[in-house]
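By letter and in written order, the chains are A, B, C, D and E; residue numbering begins at 1 in each of them.
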């Protein structure tokens, strides 16, 4: 093998050890959550809970997926919340990307008065976190009659500049000659966008999709405020509502089952699209 | 930076920009201006009476010692989260980079927490460390450690720091690994020929060359610790015990949403905005420098 | 096919006092079917000139005519020309076939027409087995051929080439050079070819346009340019190793520069006294670098000849019929 | 029947702050109501804990779209009462809908807490609770304590807690939920002490906190002193500490009577219930504890139709019916909020058949009433409660004494009261 | 300074049946102070061989000796060698001075010693004014010199170069070639230089090691290699244009291949009948590509000579003393 010192045998063993410790710490909370999701709540309430999976798993998952917590009163069935989260994450991801790709295209491939102004206006959206403007945003959404709609849930979150910046960056790296070749071939701006830019941006789009999907899926404060109809509850909000509330004790077994179900889809998206995701993440921030 | 080759067209660029601009203006710029306005007003929670009070809200915030306590606490928290998320990430990245085989499998396993919402990460850690039912909390108690985040501010702080850092390690890891892999092998080989051992190579070559990545992650980490940890704190400690885990953002939230001091909360928001703008500017200054560097 | 005429073509980047003029009035009449190579050092404006012909760069003043038509304000796609770029600018996501077909599709040709044209071009360029591949699956030379194919299918009035060979390795470059020559022979399309490689320029050109800093230094056949360089610049630019240019050697009149190519120096018993500085073997020949006072002289000799020792004294004499004389002030040839 | 069914039902939004068995039951009442008629559809949804829910409701109100009915815990009442433009007193709601409504139907403490001097009710009492002592009979037995003689006074309580620790019958003696509610509000009512001037704030917004006295200091100091041995173990704010009791870690729990259902469901020990302990050296003690829980507020909104108003009244009317009230009280551990439902349960022999279930009633209604057992009415009380939590938590951490904690609480609390006073004037 | 000895050096990547052998037993004895160039096509194993000498790659079997010492298991740092990488591998965050000083610091030299050595190297390489700059502030040629400087200050037993010139443009490459030659003359350190550019190889080498597919094809002086290529591979690889290799021309014995360099063909009245296919001007010379049956022949003539027309018939005769004969089966020289 390679003779460089980091690739020596003891070096390899050390590296494996470090990684395995890392994986253990990464996995521990997930494992405990999994075990809890297979126990009954009294089992958990009698601390310490067992560290080996119990036999309530099927029942717990059935309960949360089909019925929802406490017969669907406290939270709708998980399948519905998952569906809501999915819609929200998809709309946000696809929306952000579509809006961003055309605006990045405009900023990069055209010169026009106000170009830099527009760019900065978009860029500014990167600077301020949601917490800062949540109440007035809420008012705007209400004035537009978008409370309790997917539009209200998603539109305000489409106003972000990460995607625009990344795509702009990428567009800037497309060789000038490609544009010129297309011009010589007689392609106009829209045709060039459709025939050349879009296909070439596929990798970036896939990466952005993952990032934005996770972003959308993990939204917390905004859906907490904007949705008053339980049937629109997203899963992350649903979970947070379930713990430490009122005079009830938390049904940790169900909460953990729900939690695992909640992190499964974004984790799957990240894993399945890993190749693009890492590239996109690293590109987008550089 | 701009392209040399462009398309000539008068209206098309505006049409393409329109959706983004509209969304930005309606859902971002406008509400932000509103928030700014609220910082100069005093109003009751229901918005039934509104009074313009100039800088009163700012004066109140800035003369409240608790605000400075929170500021210091936030800095401590942010520094701890950032470091705790970066050092292990760097170690893991070094290990992964050194591996000849199974690197991608390991990478996959390590990046899962990226996909997990902060609020959910908080729930997971709360569940392990809850003094009443948590497995780890129980173990600590058996070991004779008096673990009680509901009362001990340090325990609580440690808990939110760990939960927050845990989630962020994945992110830092991916960047460090990318950074390491972009260091030309030949540089390390040159150093090896020059006689540098592994530790010396790390100290004098690898770490300096990673410094752009490190700095970037530092800024991102600080921003994360400042803002995105809201969900963690909300789920784990709700800012307590006392105010021992209340960060600036959490204070904006509690003062505004729970205590319903809208003006004071808005004033704090504005101060926060200024800090974010500062951080972002810093980052972009640096980014520019880095463009020159390469 | 058409003639190409450049009349007092100028180009400035930017406007007003800050403007940067990079082309200072170029005139050139190119005959129908002629193969003209534009050559010059990096940054002299070769690409800019070519791109003005293509319509990718606006013309600050002067006119460009393709055939009878002044094209200053004609869109690139309407000028009926084709261009081959240095980096080929192939559409990476399209197959070779689609790369060639793209322009034809936009022009609205029918599928059978397109197929016929692409097949014809592919036959000429031996691309037929590659039509389904993506550019990333091709070698550098194959990509280059696809770029040419894309130009050919258009059946344009003129071909423009911007350093199309500079991304190829030496061997492939030599080979592709021959192919382009042959292609031009077959198709006879007026061609404008930019390069900064003088071997390429000399090999390909029917006429060469030597540029320097936005001006034409010489426009003539390769033989003219090599044998009768119009200026010091051309003398120093063409030839590898380039012409020896001496200012202080004995026999050089003050205010002039004497030019003599390395192959026109004879080592013997008379002539300049030089000292051998280094020797390089090039295969069939050897280059002897020798000091002549404060100037350096390169002499080209057959490799068969005995190798002189370093530091050895050599007598070197220029063959008189190959001596060039330039005005030291203007740089223009006086011969 | 057919034409009515074709009519789209008018939707009535109700936000609740209850979860668990309690929330489940309240939601079911909504469904029962929906089945009982076909004009209205009530949507009962959980919107987070009371403070979060209130924040959302306020944002919704400002945006012109508040829920029709909102359940709000006792501590939020002061703010709600002052926000006259935002709410419609329930008495008026019934009046406008033309449904008979007599405030006197509700039990006295509730009337006192949520009513105006003129007898009008501002919000409708629904889940009425008071604080009680739950204890683990098994742990008592292990500790050598008599499970049938729960501590009645604080000295007994302290002794029991210590004994439990000494015998290691549990990891902790006792803990408490709702620290401010129990250790400040209930505690002072139990000893008939006012926590603020102007009749506990009922007399106007100019009220000031008066809690930094010997009695409160002694109570807080007691907690501080017991904390290190875990005779007392602090378990977090709001309801968090209940888990420690349910898991068996703590042998005793000071908690709302409304917490009963959860304990019954998850606890694996024999449960005992008793009244809140008191200090016997305080003259006249024990007095009655005070009311807790939550009431239902009706929001005003510019676009409310008479149809909606009627729907609101009908649903509230449904909720206060004997059938609903008795089921509610029987299942949850809350008290019946109306006199008639209370009587109905008595007649059915519920309290005699279920020993311990009469404890809250004995504590709240039957115990001796005093000048300051009627509850308080302060603005920004949610926030003031949290200030109390913060200061006492600091004291429990050993970073300040009880006196310092209470002094700081008074200072910071009064600043809030003054801010509130400014905002209503 | 030291001798360098490679004895039956082999290299495989991977282990077991899936292993890929890339070096198939290389033997080479390099004298103290000798300048040896390893040349061969891409992928033939040049870098691998060099990196095994450097200690960056483990040795699968065989031994490598530096001086008297077998270094197979010696760490790179302890082999007392210096290496110049293709991409220079300068430490981007260190100044030029620090780049050169790095290895010395690690070796524990004192500051004045370091300063003295770096200054000396900087003087030789004319880097003195650049010592404070970062690599990013240098041109390609300057970077290359810094990389050499870093090697020089170490005063190693041997220099290893892995295509150190391939990132430079043609002119700079020619110039740096001369500098390396001069440097070697001055310092006299044993050097191993990898390149795939044959001009570079011939110019620099005292001896050349021509590699092909992990094997040594020939190891000799440039003259030997050019004039007496040991195999078909060497004959076809060295020389631009390369040697004509004919299998079917008249006079070629079956089972053999006749080799004749383009400069050793004479156009006259007798010899092979060929047809001119294309002509290229190279400045002082012209290349005539002509068809001889199904084979192509390149003839090198002076540019002075009249240009033959395309398609014209030419009689071409090889100069007999320059004819090479190879075994068609083994590819080995029979001459």
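Assume a contact is a pair of C-beta atoms (placed from the backbone, for glycine too) under 8 Å apart; a residue touches a chain by one contact, two chains touch by 3 or more.
Computed from a predicted structure; not experimentally measured.
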{"item": "Contact-graph separation of chain A and chain C, given in steps at minimum", "value": "1"}
{"item": "Chain labels contacting chain B and also chain C", "value": "A, E"}
{"item": "Joint neighbours of chain E and chain A, given as chain labels", "value": "B, C"}
{"item": "Chain pair with the greatest number of C-beta contact pairs", "value": "A-B"}
{"item": "Chain B and chain E: spacing of chain centres that average the CA atoms, whole Å", "value": "54"}
{"item": "Chain centre separation (chain C, chain E; CA means) in Å", "value": "28"}
{"item": "Chain centre separation in whole Å, for chain D relative to chain A (CA means)", "value": "39"}
{"item": "Averaged-CA centre spacing for the pair chain E and chain D, given as whole angstrom", "value": "90"}
{"item": "Overlap residues in chain A, where contacts from two or more other chains coincide", "value": "1-2, 4-5, 45, 47, 135, 139, 141, 180, 183, 240"}
{"item": "Shared-contact residues (touching 2 or more other chains) in chain C", "value": "56"}
{"item": "Set of chain D residues in contact with two or more other chains", "value": "52, 62, 240, 243, 247, 249"}
{"item": "Chain A partner contacts - residues on chain B that touch it in the complex", "value": "1-7, 9-10, 12-14, 16-17, 19-21, 23-32, 34-35, 38, 88, 91-92, 94-100, 104, 106-121, 123-128, 132-135, 138-139, 166, 169-171, 173-175, 178, 185, 188-189, 192, 197-198, 216, 220, 226-227, 230-231, 234-235, 249, 252-253, 256, 262, 269, 272-273, 276-277, 280"}
{"item": "Chain C-touching residues of chain E, taken from the complex the two chains share", "value": "174, 177-178, 181-182, 185, 197-199, 202-203, 222-223, 226, 238-241, 261-263, 278, 280-284, 289, 300, 303, 310"}
{"item": "Touching residues on chain A, where the partner in the complex is chain C", "value": "175, 177-178, 180-187, 191, 195-196, 199-200, 202"}
{"item": "Chain A residues within the chain D interface of the complex", "value": "41-42, 45-47, 70-71, 73-75, 135, 138-139, 141-143, 147, 224-225, 228-230, 240-242, 244-251"}
{"item": "Contact set on chain A toward chain B in their complex", "value": "1-2, 4-7, 11-12, 14-19, 22-23, 25-30, 32-33, 36, 44-45, 47-49, 51, 98-100, 102-103, 105-112, 115, 118, 121-122, 124-129, 131-133, 135-137, 139-141, 144, 155-156, 158-159, 164, 171-172, 176, 179-180, 183, 188-190, 192, 214, 217-221, 236, 239-240, 243, 252, 255-256, 259, 262-263, 266-267, 269-271, 274, 278, 281-282, 285-286"}
